[in-house]
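Here's the structure, in structure tokens; my notes come after.
Every chain is named by a letter (A, B, C and D) in the order it is written, and numbering of its residues begins at 1.
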Amino acid sequence: MSEIDLCGVGLRGPILNGSGTFDAIAARRAFGDLLLDRFPFDCFVSKTITLQPREGNPPPRLWETASGLVNSIGLPNKGVRRFLELDLPLLAELPVPLCVSVMGFSHEELARLVEEIEALDEISLIELNLSCPNVETGTLVGADPEETAAALTAARASTDKPLIAKLSPSATDPAAVAAAAELAGADAISLINTLKGMPLHPTTREPWLGGRTGGLSGPAVRVVALEQVASVAARVDVPVIGMGGISCGRDAADLLAAGASAVAVGTENFRDPAAGRRIAAELAAFEQKVPAK
Amino acid sequence: MSVAAEPRTLAPPERRIAEVKRVERIGAYDLIVARDPVGPADPQPGQFYMLASGERWGGGDRERPYLPRAFSFARVRRLPGGQGVDLSFLLEDVGPGTQRLGELAAGESLMLLGPLGVGFARPSQDRRPLLVGGGIGVAPILCWDDELRADGVEAAVLLGFRSAGHAAAAALFGGAPDVSTDDGSAGRRALVTEPLRAELERDPHATVYACGPEPMLDAVRGLCANLGVPAQLALEAGMACGYGACFGCVVATVDGYARVCVDGPVFAGEALA
Amino acid sequence: MSEIDLCGVGLRGPILNGSGTFDAIAARRAFGDLLLDRFPFDCFVSKTITLQPREGNPPPRLWETASGLVNSIGLPNKGVRRFLELDLPLLAELPVPLCVSVMGFSHEELARLVEEIEALDEISLIELNLSCPNVETGTLVGADPEETAAALTAARASTDKPLIAKLSPSATDPAAVAAAAELAGADAISLINTLKGMPLHPTTREPWLGGRTGGLSGPAVRVVALEQVASVAARVDVPVIGMGGISCGRDAADLLAAGASAVAVGTENFRDPAAGRRIAAELAAFEQKVPAK
Amino acid sequence: MSVAAEPRTLAPPERRIAEVKRVERIGAYDLIVARDPVGPADPQPGQFYMLASGERWGGGDRERPYLPRAFSFARVRRLPGGQGVDLSFLLEDVGPGTQRLGELAAGESLMLLGPLGVGFARPSQDRRPLLVGGGIGVAPILCWDDELRADGVEAAVLLGFRSAGHAAAAALFGGAPDVSTDDGSAGRRALVTEPLRAELERDPHATVYACGPEPMLDAVRGLCANLGVPAQLALEAGMACGYGACFGCVVATVDGYARVCVDGPVFAGEALA
């Protein structure tokens, strides 16, 4: 597969994982070093890291819906310090560049988070999760142009690494938010994150998820992702990383045709840890049709 | 068997296709035997596989199933000359996924990922293994008993079922397991924890291995804790991936939430919160 | 099924059709008067009517996606004058109360539309479509509290009939928009409308739909509807009409449990014209569990 | 047959279950015969039904099909004593819906709504019916020919196919239809419009009834327009509902968009824009 350039970082191909949909360290425990030989992605994106450790939401955290999954994981993570101490050395062993996803609950926090990782050569890219639907401020920031610009400004000031702004699909006008992010210094835009949803318990009819509401992903959101990626790609000059409902090469080709420069596989990883590799192979068949952006 | 630091046999890093060899009705349950051509020959009892039908996975009740489903292997038969292994799964039909898998026929394909998670660990020298299975939870108990027997260890096996229909699964065991049913339609009318208590009071030098419904596991855990007997419990949780990717399958432990699929499914009783 | 009261209008049950998902006049041509004896809904909602006639979008107008449908119909209609002249007499023969859905592209237009139908006794309720994703202004109005309030004010001034505000699911905070609508005089809130989506042609990878983008409906949006209906119902005092992905009684029961006072069946009608009746029967089984609001 | 002002037989206002009696391979096509117990005995040739399999509708390629699919009935057999009718459908596998329907087996259930739309109208006294079918478009031509024959009218039937495999469907006709194929592997090597032109030039006092791929229908329409011969064309369009509910199936006509499902599928050539 042809080598691509994402914000100055060379990738062997256009396929990333969606943040929070693949844990390379856990996968290595399950699959051993064969995982490294057959690594499914061309760039690895970490689960979103926060300044303080988080336990995440109480279970149940998963609901299977028509052609999709609703999750309320709640961003469990070690906190940036222990992530850098315990996880980074292992992630540095991966055969592909590393992108760390971060979320700050205030501009100060975001700035501090970014500072913590700024100096580390093992980290090639930083993704700002402005959109996690399970943490209130997340939705608000990524859905609002001003808020998004402010967050980008805070992060931009503390790093020279490429910054990817991951938008919220709850934005009424994602293109406007993307334009604001670009203006405030984003080097790339990624979307879509999960759509807010709330399944009910089959018998009690109370919210099923421990976090009450969750995020919808999978084939059910495919056409929504295509529309948002196309409208954002039409508005901004920076590269767009498209994701949402990719389950085969055709879906990846669709997102690239809609204007994305790279794509990320999320929920499909849960059906097959090698989904990224399979999709890359299927995509190769479409590639000649894909307009290089 | 491979002597791993923790009883975890590694899985190939991709979903693969196994051929369904046999599907059998065992009382209230379905027994699916599938040939895994390339997977490891030594999955550890207590480990599990993520399964999906090769075709028509989806389109069931409310357009489900969509994600694969987790199943302990219940029995493994190694085939001569690297032809792979025959894996047996014991299923209870509780929804669209188990229903679809139960509809599989010999010759059809089964999508499979595994073995996954951590299995049962050997007891220390001074303790005898004591196996306890409740309902469909007998699955991992069956292969654990198989393996202990293969090593010449004849463990006491205590099984509990709703009724005779479910108790039919007891016939799969090598020895003569002790059977209790809720309605007394087979074996003793009792909860499996009653014979367990008697066993442990007779001689507490045991390690208890248990799998079954949550209330049963809670009772086993409490009982063992009181008597200072180590317990290894095989848990269940709703799963999306089975290999630590989604963080969806957590259970509360003494040091926070743990993922049942990678940190378990077998946990020490005292590790659970 | 127990009789319910919707904004002072008595209904024999809680099941409406989603606007634009059932044409009672065309259905009568196909099924004859048996349709009236076995009418599937407890209140009939017309397709959205505009002041001027509209041809609608060029075909193709439909795309089938995973557990859902994407449509870009584009609000074809005769225009209010000919609707009242030709369609109203036929709709008046239906055995259930009539709700007319209207959309105005300006406040003046909306006011004039509402005035046109204000005097007519055959019409029991008016639904303001603030949210059709196929007509640009639609999305904007229903996604913005101020715009929505202004539209409601314009309509409210010209009628005493119950006004239902149908929101846009593109609103970042649907509850805020609903609250604004309530404050400006809405007698009920209905949601969700379709989610914006854009399928691509299988081979050319150009937009498949004649209208380029369309609206996603069906089981794929079920959990999104539940979440938005719950958040809106928690915020407003007026009744909420819940819709989105209903395909069986359980789905209707879920929406009612989430706080809706009535529900509307949309895409499922396409799979079976009697879906409304089937769902009503299935719902009866759940009813005791449903909290009356 | 009921003499309706327009050839439209009304459908029961709900989807119903028909039992699949036979599924047969006719060359490149599948013939499904299903027993409709309660539907009308006199669907009009050119009318269609919305079909879905009773089970596993969904879960196919890309989690489709989800919506029902439209199919002209190709033949109707009335059963004695109100046992209903046997409806035949001729299918070409072009995607997940037609594929699933082709997998149906005798005894399985077929969900069915119909008959829907407007069928072919009788020719005026001074004109002979001239039937033209292209590819899978022969379906409505077959039942129209059946009905004309039942009334003692021997119509000329001109059929065009890709190749011999598809031309196998010609054998279903009562008479001896004229067959053309693109590759000459059966009948004449020609487009069906060539024998049609010859027929019409021989004697223009005809009404042409045609169904087939868009380019063929365009050619037929142009030809008839030039010769001043009335044409009734059975169109196709992507559909969601089949009964006028979704406004998705429109075709451009001289007075704006019309819904193929309620205003058609049969349109007069001159009505189309």
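Keep this in mind: contacts are C-beta pairs under 8 Å (C-beta built on N, C-alpha and C of every residue); 3 or more make two chains touch, one makes a residue touch a chain.
What you are looking at is a predicted structure, and each value in this text was computed from that prediction instead of being measured.
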Review point. Once you count every C-beta pair in contact for both, which comes out on top, A-D or A-B?
Key: A-B
Revision key, fill the gap. Here the gap between chain A and chain D, centre to centre from mean Cα coordinates and rounded to Å, is 49
Review point. Chain C to chain D: how many Å between their CA centres?
Key: 34
Check your understanding: Counting only residues that touch at least 2 other chains, which ones in chain D make the list?
Key -> 58, 62-63, 66
Point to revise | Multi-chain contact sites of chain A, meaning residues that touch two or more partners | key: 65-68, 218-219
Practice item. Sort the chain contact graph into one of these: line, ring, star, complete or other. Key: complete
Check your understanding: What part of chain B is in contact with chain A in the complex they form?
Key -> 8, 10-15, 52, 58, 62-68, 113, 116-117, 237-241, 243-251, 256-257, 259, 262
Exercise for review: Please give the residue numbers of chain A that touch chain C in the complex, ascending.
Suggested key: 63, 65-68, 70, 139-140, 143-144, 168, 170-172, 195-200, 202, 205, 213-214, 216, 218-224, 226-228, 230, 245, 250, 253-254, 257-258, 289
Point to revise | chain B-touching residues of chain C, taken from the complex the two chains share | key: 67, 219, 247-248
Study note, to complete from the structure: chain C residues touching chain D in their complex are 20-23, 25-27, 29-32, 34-35, 38, 40, 47, 55-56, 59-62, 64-69, 71, 73, 76, 218-219, 267, 269-274, 277
**Study point:** Of all residues in chain D, those that touch chain A in their complex
**Key:** 62-63
